[in-house]
Structure formats: C-alpha cells, structure tokens
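Next, two complexes with chain A in common: one pairs it with chain B, the other with chain C.
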Partner chain A sequence: MIFFDLIVGGLSIGACYALVALAMVIIYKTSEVPNFAQGEMAMISTFVAFSLIETYHVGFWTTFGLTLLFALFLGIVLELAFLRPAKDPSVLSLIVITLGAEMILYGLAGWKWGAKQNPFPVPFSEFSGITPGGVMITEINLWTFVTSLVMMVLLFVFFRFTKLGTAMKAVQQNAFAAKAMGIPTRRILTFTWGLSSVTGAVAGLLIAPLATLDPNMMLDPMLKGFASAVLGGMTSLPGAAVGGYMLGLIENFFGGYVSLEFKSVVAFGVIVLILCIKPSGLFVRHFERKV
Partner chain B sequence: MDMKRDYYEDIQLIRTKTVLVGTILLLGALVAVPFLVGGYTLYVISLIAIHAVVAIGLNILVGYTGQISLGHAGFFAIGAYTCVLLMVKAGVPFIVALPAAGFVSAGFGFLVGLPSLRLEGPYLAIATLGFGMAVTQIISHWDFSGGHMGLEAPKMTIGPFVADTGEERYAVIMAVTVVLTVAAVNLMKTRVGRAFVAIRDSEIAAAAMGISVSWFKTLSFAVSAFYTGIAGALMAFALEHISAGTFNLILSITFLAMVIVGGLGSIAGSILGAALLTYLQVKLGVIQEWPVLGPALVDVSKWFFSVEGLPNIQSIVFGAIMISIAIFEPLGMNGIYLRMKRYWKGWPF
Partner chain C sequence: MGRAAYAAAFMSMVALLAICGSATGQEKVRGVTDTEIVIGQWGPQTGPAALWGSVGRATGVYFELINSEGGIHGRKIKYYLRDDAYQPAKTKAIVKEFVENIGIFAVAGGVGTSTGMAVREYLTENKVPWISPATGSSHWTKPFNKYIFSTFPQYYQEAYVQTQYAVEKMGKKKIAFFYQNDDYGKEGLDGAKKYMEDKGLKLVAEVPVEVTDTDLKSHALKLKQSEAEVVIIWVLPKHGAMILGVCKAIGYSPQFMAASTLSDPDLMFTVTKGLWKGVMYGNFVNMESPLVKKYQDAQKKWAPDEKYTGLFYLAGFYFAEPLVKGLQLAGRDLTPDTFIKAMESIRNWSDWLGYDCTFTDKDHQGVKSVYLEKCGDNGQRIKVSDWLVYKPK
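And now, the complex of A and B:
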C-alpha cells in the first residue's frame, strides 16, 4: 500500500512544483528571463494571506481572492520597477536583476515577519479524507489536486480563448511581428508578470499548509519548480506541468524506497542526467545556434 | 605614448613606472596593515581577501569565459571540507592540504563543466545551482564530515610557524591572495586567457579559429573552482569552524553579486566588488548601532516591521545594489573607474 501512498504524496507536492514551473515558463516564454524571484514573490503573497487571516481575521476564501489580487499587483510593480528600466539587457544582467529582486523580497519578508516558523491555517484536515480502495487521500491533498488542476484549466482557457491570452501568445512567438500588428508588447509583458505572479501565489498558498510558513519556505519549491520547468523544456506549458508531476513522483519514490535524507538531492541529479541527454528538456526540440 | 611594439610588451605584467610605484606602495600597505590595525578590523580585511579570491575565480568563469554559475558555494564548501578533513583525519600538513583542497575542488569543477558543454543560459544556471544544493545536502547529512554540527578547523601550521593569532592568519591569507591574484592577471595574458575571452565573445568564431571550445570551457570551470576551493579552505581557518548551513544559495548569489558589482572581466574590479560587499555585509549586520540611521530604523521597525528581523536589511541593500548595477552600470565599479580615467586623461577638454 505504501506504493499508492507515495503516489498520492508525490502528485500532491508535484502539483505545487508544476504551478511554480508554469509561473516561470509564462515569464520565460515572453521575456527570456529565468525568474529567480518567483519563489519569493509567492512567499510574500503567502505571508500577506497569513497576515490577513491571523491579524485581521478575514475569512479563508476572501483571503484567497485578496491574495491573488495582491500577487497580480506585485508582479506588475516588479516588472515596471526593475525590468522595464533595463535598456537592451543581456541574459546575465536579466538574471542578476531577478536575483536582486529575490534578495530584496527575501530581506523584506525577513524584516517584517522574522525567521519565526508559522503554521498556515487552512479549513482542511491533514488527517481525515477519503479512502478509495484503502489509500488515504487527505482533505489537504485533495484540495491541492483540485486547486492546481483548476488553475491549469483556467490558464489553458485564458491562453486559448481570451483576447489578452492570444496577444500574450503572439508576443511570445514573435514580439516584433506582434508590435507591427498593433499589440502593445510592453504592456503585455507587464501583464505576463502579473499572471505569472498569480500562478506562483496559488502555488505558495498550496505549499504553505504542507510545510511551515517562514521566509525560507519557497526556496526549495522554487528550485524544484525551476528544475521541473527545465525538465519540460522551459518554453512548453504542458511540458512544465508534466515535469512538475514527474519530479514530485520521482522525489517521493526515492524518499520512500531508497533514502529519505538525500531526497532533495535526487531531483537535481535527475535534471542533470536528462539535460545531458536532451539539452533543451523533454518536450522541446533543441535548436543549434547558427552563425 | 601607450603604444606596444612587440608581443612581449603586450604581456608585460608591470607596464609603466606609475604601475610599478603603485604596486610597491600597495604591497607595502598590505605588509603594514597588521601593525596599524588589529583585532576585528584585521579579521574583516582577511575576509575581504578571501572573498576577493572567490570573486577573481568566479570572474574568470563569468566575466572572461561568459558562462554562469550559481553553485560556487558548493566549490567553496568542497575546498573548506577537503582541507580540514585532510588535516584532521589524515594528518596532512597545511602546506599540502591547501593546494589539495584547490585541486579536489578543481576536479569537481571539471565534472560540473562537462554538462556545460551542451547547456547555456538558464539550463546552465539550474545545473550549477543543483550542484551547489547537492553538495550542501550531502555534507550536512554525512557523518564523516561532521553532519549538521560542522567541524572545528585545526591550526594553520607551516613547518615550525604556527598561525595562531589574527595577525599571523592575516599574513598567510594575504600571501596566498597576492600570489593567486598575480597568477590570475598573468593567466589572462596567456593563450589560455585569450581563448577564454574568445569563447565569451563568440563561441562559433572561437571554434573557427582553432580553439578547442570544449577543453577551454571545462578548463575555465576547473580554474574557477580551484580559486574558490582555496578560498574555502582559507575561510575555514579564518572562521575556525565550518558547518554545511553556511554554504547556501544566498552565498552563491553573494559571490555572483561581488563579480557583477566589481565589474565583469576585470581582476581589479573583482577585488573592489569583494571589498565593498564584504564591508557592507559586516556593517549592515549591526545597522542598529549606526549613529543616526540606526535608532531611526529601529523606530521604523517597531512600527511597521520587526526589530529582530532588522539585519535582513542587508539582503535588501545587496539586492538593490545588484539591480542598479545591472540597469545603470553593466560594467560595475571597474566601468566607473574606466570612465573617470578617460575623463581625466582628456581634461580639460
């Protein structure tokens, strides 16, 4: 039975990785920045949710909505403040800017909330749930599955059927042509950061009850999410989602059957192996650079 | 006139009399420092020297060869643990253990460099980052390396000389730093250094010129790791105690920040960046003791933030510096220096 328990646990944490990976891919596709601040953006949003619940006693669902609004705002502000002023930046300076943003957000959270570990309250039980065929699926696991799936479907609908989503896809494919067609590419880029931030915040809200809330909370999930995105190929949304679930499963199986201590190392070992065989991830064709 | 007539003039280490006088003055100052200041200041200067070695090593990789690494804390840890373990468990003398730490680290650098042949940009970032994380995890779970408790560093002993006080430790650290700095400056004037720069500027053109891209890329990783490993070993002695928790991602980012702030592709810039950020790190850690700003910040913290989290202001300042450098001055402090130099050369025109 441990096999199925490991599957449930793996899929549950994998769903969180998948959402972080999606958030990173959304930004990477439009602006070619691997956003290292993604985890801290989600962490700040989660802390805002925590403050709303604990200090101001706002209901859980209202908090959920308000947090997503805050995340949207945060993403937009970060893009306007840090990314837009950079004129003609190289990949390295973009990476440095997102790393700098990460340090700033990390410092702010540490200053405001301290290094204290806070339990994140959710109206779902960690101990009871449904047991189809003797496999325990707790309420909190169920909530993670359903929320992440809903988020993914919403993202799919957004990119497939809305005007803004189509415009984003156009900018991703060819920014220059999109501009010629009258799409305000810079504004679209700003919205991309907002959307990515919201996706990341959902991941943060799902991870917080599984772990404890402190400024280091998102460090590990962010790296795993990044790894999942790389596994899927960094430019493929379905690839990122599948990569996240795969990574969650691999990690959990390794932890269950081989060694719990080295559980978080195995993820990176797998990534390096896969990148050696397929340098652009599993779901993207590798392009050789030409002269 | 700044004109070079043959190859040997181009590769000269000390080009003009001004540079010669400057170098002698600098070396004299470095010798005089332990007689002028003592205690904590000397410790901070030792830290700056160690960080300068890391920054030079990382600059060889990032600034000269154009690769990226977010895993240098891993090499730093490997150097520190190799040196201490060799001395404690195998009884190897310091004079052998220090280079050994560098070479073990370089070996790992070579291994990490291998996947880099096929990876670039974010893919390389995640691969190196994964390496750094893996090293920390393995060290902290491995009983042989002391686990979470860490290890006590033994005393630095060179023959009959035991570096026990801060001044003696400073002497050893600064000597190693000067040697490695001169070695780096020289390396960049050789065939190897020019190959690194060629790969950074255009990989395809470099390959077309007959440079073995794969060999020099892995070599660059190895050299960079060698420097970082030596610095890690020195750090173990400066701190007298090492534990796995200190070699985290934030440390890797701080190293990268030193290189970026100092200036990509500049040895002097690396030293400046290391000095500035190390100084800030030390000063911002005790920001509440600053004359006017300190009490004001404590008041602000009481109202809006938390007082015990005040040292986190260090991350905020580092992040802000990184972002402003990337946006406004991509060449870092070295770029500012070059602009000032050009301005004064042509002054008053």
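And now, the complex of A and C:
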C-alpha cells in the first residue's frame, strides 16, 4: 500500500510547490523576471501570522485573512521600493534586485524572530484524519489540498472574469498596446507583485505546519517551486500548477522506489531534461519571445 | 638637515627597541601581555545556523565570570567574538584578522565543521592553540594535530555507544538509522554500523536525508517498512521534529534516539508540539553539576537580555572551561608550548561541566563519553543512563 501513501505525500507537498510556482509565474509573465525573493516574502508573511497567533492571540481564520492582506501590502511595497526606482532596468538587473530583496528579508526575519525552529499552530490534526482503504490522509493533508485548489480556482476566476484580471492579462500579452488602450501598466505591475505575494503567503501558511517555521523554511520549496514552473512552463498558470503536483509525485515515487539519497536532486534532473526536450515547458504550446 | 634628523630619530628608535627587547629577555608571545590574554572565537550570529551562535556569546559570559574572580595568574581574558554566518569564506577572513591584526593567543570553541576545516591549516601554521572545536567531527584529532584539543565527543563514538545501549541495555535487535547526508550524519552512521558489525548484526535500514528537504514522507515510509524497533536520528532539529510527526501520521511509533546535537528537550518539545516526549538523546554536558546554577546566574548578571539560554548556551561554557583549566596549569610563564604541555597533563578531569577528560601527547580527543536522557511529559530532562564510555572491541 506504500503506493497510495506516496501519492498522498506527493500531492500534499506538490500543492505547496504548485502555489509557489504560480506566484513566480504571475510575476514572470508580466515582467519576465523570476522573482527570487518569492520564498522569503512568503516566509515573512508566515512569521507575521505566527506572531499574530502566538503573541496577540488572534484566531486562526482572522489571522489567515490578515496575513493575506499583509502579503498584498508587502508585495506592493517591495515593488514600489525596490523595482520601480531602477532606472532603465534590464531583466538581469531586476533579477539582481530581487536577489537583494531576498537577502534583506532573510536577514530581517533572523533579526526579528531569531533562528530557532517554531511550531506553527493550526486548527487541524497532523496525525488523524480519514483512512480510505487503509491509506492515511490527515486533516492537514486535506486542508492543504482544499486550500490550494480554492486558491487556484480563485486565481482562474480573477484572471477570467474581473476587469483588473483582464487588464493584467493585457499587460502580460502586450504592455505597449495595453498602455495605448489607457491601462495604467505600472500600477498593474505593482499589483501583480501584490497578488503574487498573496499566493506565496498561502503556500507559506501551508508549508509551515508540514515542516517547522524558521527563516530557512522556504529555501527548498522556493527552488522546487521554480523547478515546477520551469517544468510546466514559465508563462502558463495552469502549467505551473500541474508542474508543482507532478514534481511532488515524481519526488515521492523516486524516494519511495528508487533512491532516497537522490530524491532532492531529481527535481533539478527533471529541469535539465525538460530544458533539453521542450525548453518552453510541458504545457506551453509554443515559445514566443516578446519583441 | 631634515633628512639627518629623521635618520637620527630612526636610529635612536631602533636602539630603543633593541634595549627593550634585551631588557625583558624573552620573545614576545602573541596575544599575551602582563595584564591580558587575548582569546578569539567565531560563531554564526546570523544565517542558517544562528541558533548555535549562542555558544560564542556564552563563552563571553564565562570569561567575564573568570575575570571577575581575579583572572588567571594576574591576567584578564580579553575576548573577541566575530560573526561568520556559518560561511567558511568569512571564517577565513576572521581568523586572519585574529592572527594578523588583533593578535590572539588561542581560539576557544568555534561552531561548524566546514567553517573550522577552512581555517584548521592556517591556525596550525601560525601555532594558535585551538580548544574545543564545537562539533563532533573526527577531523580535529585525526590525523593528530598538536594545536587542537577536542572536547566534543565524536559523532562516531557517540553513535557507537548509543547503538550499544539500544542493543545491550534495551534488548533491541532491529535498529534503523536516519541521517543527514553529509559528514555529520555519515560519521554517526559509521559508528552505528561499526558496533552492529562487531556484534554480527546489521542495521535494518539506513535512510539519508538532504539538509534542505521539506518533505519526509518517503523517508518515514521506508523506516516503517523496515519495522525497526529503534530509530536513531542524526539530523538537524528541523528534520528531527519533522520525522517524528510524519512517522506518527503513518501510524509508526518506534523508540527514537537522537544525537547530542538535538539535546535541547525544551526546544524540541515545543517545536514538535509535544511529540518529543519519550525520545532519548545523548548529552555530554553534566546537568547535575553545581556549576550549571553558577553559570546560569552569570548569564543573568552579564547577559540579562540573552534570548536563548538553553543547552547550547551552557555548551558555550563547557567548550571554554578546558581552555581556562589549561591556562591555570600553565602558570605565569605562558607560551603556546607551555600551554600545550599543561593541557596534555590533564587526566580524568571531571570537575567541570564535562566528564572524564584526558589529554595526552598522543591523543587530543579529551572527552569520549555521553549519557542518555529522555524527554519527559512536559519537556523536562530525565536521566536514563550513566556515562557511556566509548570502548571499541
């Protein structure tokens, strides 16, 4: 029965990878910048949630809402403070800016909350849940599946049916034409950062109870999320999500049946393979470069 | 005229220096003056390993305590602590500053195997005694190094005695080993394997984990499949906490035994939300010593704002005690050579936070014993074994 246990494990961590991947793709699509501060942004938001619960004894669901608001604010502030002031930025210099932001946030978390591991309290059991056919699916697994799916549906609805979402898509497809149509592209870009930060924060809130909460928490999920995005296609939202789930499953099966020693590395093997065979990603129809 | 005056001034200075030199009649020793001994330490105050940065801060408090009691043979200890953020490149720069700019007599402690390895040769070349590298790697004493004295029981030795305890005292045969896939974990694994081989047994599972891994489901399933009664874990606190949770979720509850690097039950109990209860772990700091109280009082006096005062903080005292002992034994005439000779005269010393420390001119691994503790219902320590001394067949 180990097969089904591995599926549950794979989907559970895969859901987290998928959210990180989505967060990256949202920004990448508008600005072609892979945001390397994504992980630390999520980590800071999760620490804020932790402080709200532990220090101010705010209820879990209120905390959840407040944290997402904070994440939105954090994303917007980072864009305004770090990326907007860059003068005639090339993609490379923007990437370097995100790396700088990553280091600042990482240092900030260490200074504010210390380096020790913290337990992240959630109103779900990590050890009990439902057992269909003898396979344990814990409450926290269920919570992870449901939350990530809800988040994905919300993103889909947002991009499909809201005016702001449509405007964001327009900027993503052709910034110049969008500007000509009267869409405030800079403001849209700023909001993109906010939205991406919220998506990342949800990932952080899901990962913290699976692992432990400390400043290094997002180091690995961030890289895996990036790998998932490359796997599914850096420019495709559904592709990135599916890539996340796939990577979670691949890792678990590889660890379960082949080798635990190389389980962590297999993600990067997959990247190399994909870049050789289909560099635009599995779920992107054709590779198109913006002029 | 100007040039002649400079030349004269220069000549007289040279003459003065020569007189000074011959007046004291001996060579100047780096880091030692009539009133001071200069000691340095690096430690991660920031970065991924910052939790262990408390070691270096505690050492500072210990030196304050020694100084307040009158110092050592009329000299006070002057202490420099530098942050290397757990990065070997930074450790190198720090050590260069220690030797060439500040001029230190010795190094105390120093967290990290890779950081320590990066500066081992340089310190040795410059004849800097280095007391208690704060990790259990075997690289400090093998091959023998005249200037390095180790007081951290080697991971190899600790894993050996822990496995021995599980087999001989607890009567368990099925033992699995969960380890971090690097030097730290592998040295532990080797120790456990060695004992099992000596007994004609085999570990039922050897499960490696990468430092960065966030998902331990497949690891836990592998451990469960092996049906081990005892799982020995040689990982970081994060993975120690996680593997307990994941094992419990898949309905597998063996007896866990952990390395001394996880010997802070307070921290582990909190992080695991109580799961750490009943876990056994090694410890080499003698918690029953009256010194514990004394050192905790010292912390309240000199470092009242300290955030972390758990076991690793006490270890900061532990690592520095042998250095002070050596300085006391060496007497007023202090050079690296007299100091090393004094250190090598320490035999079966237990009047400190450690146990049975012996240095000889052939073996600088001073401490080879740990004892086992168990985490109680509220995260308190319960001593379960006496000192387990490493005695291979």
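Here is the rule we use: the second predicted complex is superposed on the first by the 284 of 291 C-alpha atoms of A that agree within 3 Å, B and C clash if a C-alpha of one lies under 4 Å from a C-alpha of the other, contacts with A are read in each partner's own complex, and residues count from 1 in each chain.
By definition in this document, a contact is a pair of C-beta atoms (placed from the backbone, for glycine too) under 8 Å apart; a residue touches a chain by one contact, two chains touch by 3 or more.
The shown structure was predicted, so the numbers you read here are calculated from the model rather than taken from an experiment.
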item	value
Fit or clash between chain C and chain B when superposed on chain A	clash
Which of chain B and chain C A:Glu126 touches, first, second, both or neither	second
First, second, both or neither for A:Gln117, with chain B first and chain C second	second
Chain B versus chain C as contact partner of A:Gly255, first or second or both or neither	second
Touching partner for A:Ala101 - first (chain B), second (chain C), both, neither	first
Touching partner for A:Phe226 - first (chain B), second (chain C), both, neither	first
Which superposed partner A:Phe82 touches (first chain B, second chain C, both, neither)	first
Superposition clash, chain B versus chain C, among 23-31, 239-247 or 329-337	239-247
Doubly contacted chain A residues - partners chain C and chain B	107, 110-111, 114-115, 215, 219, 223, 261, 264-265
Complex contact set, residues of chain B against chain A	62, 68, 115, 118-119, 121-123, 125-127, 129-131, 133-134, 137-138, 141, 203-204, 249-250, 253, 256-257, 260, 264, 301, 304-306, 308-310, 312-323, 325-327, 330
Residues of chain C touching chain A in the complex	46-51, 53, 181, 207-210, 212-215, 217-219, 221-222, 225, 237-238, 241-242, 245, 248-251, 267, 270-273, 307-308
Footprint of chain C on chain A - complex, ascending	2, 5-6, 8-10, 12-13, 16, 107, 110-111, 114-119, 121, 126-127, 136, 138, 207, 210-212, 214-217, 219-221, 223-224, 248, 251-252, 255-256, 260-261, 263-265
Chain B contact footprint on chain A (complex, rising order)	28, 34, 82, 85-86, 89-97, 99-115, 215, 219, 223, 226-227, 230, 234, 261-262, 264-265, 267-269, 271-272, 275-276, 279-281, 289, 291
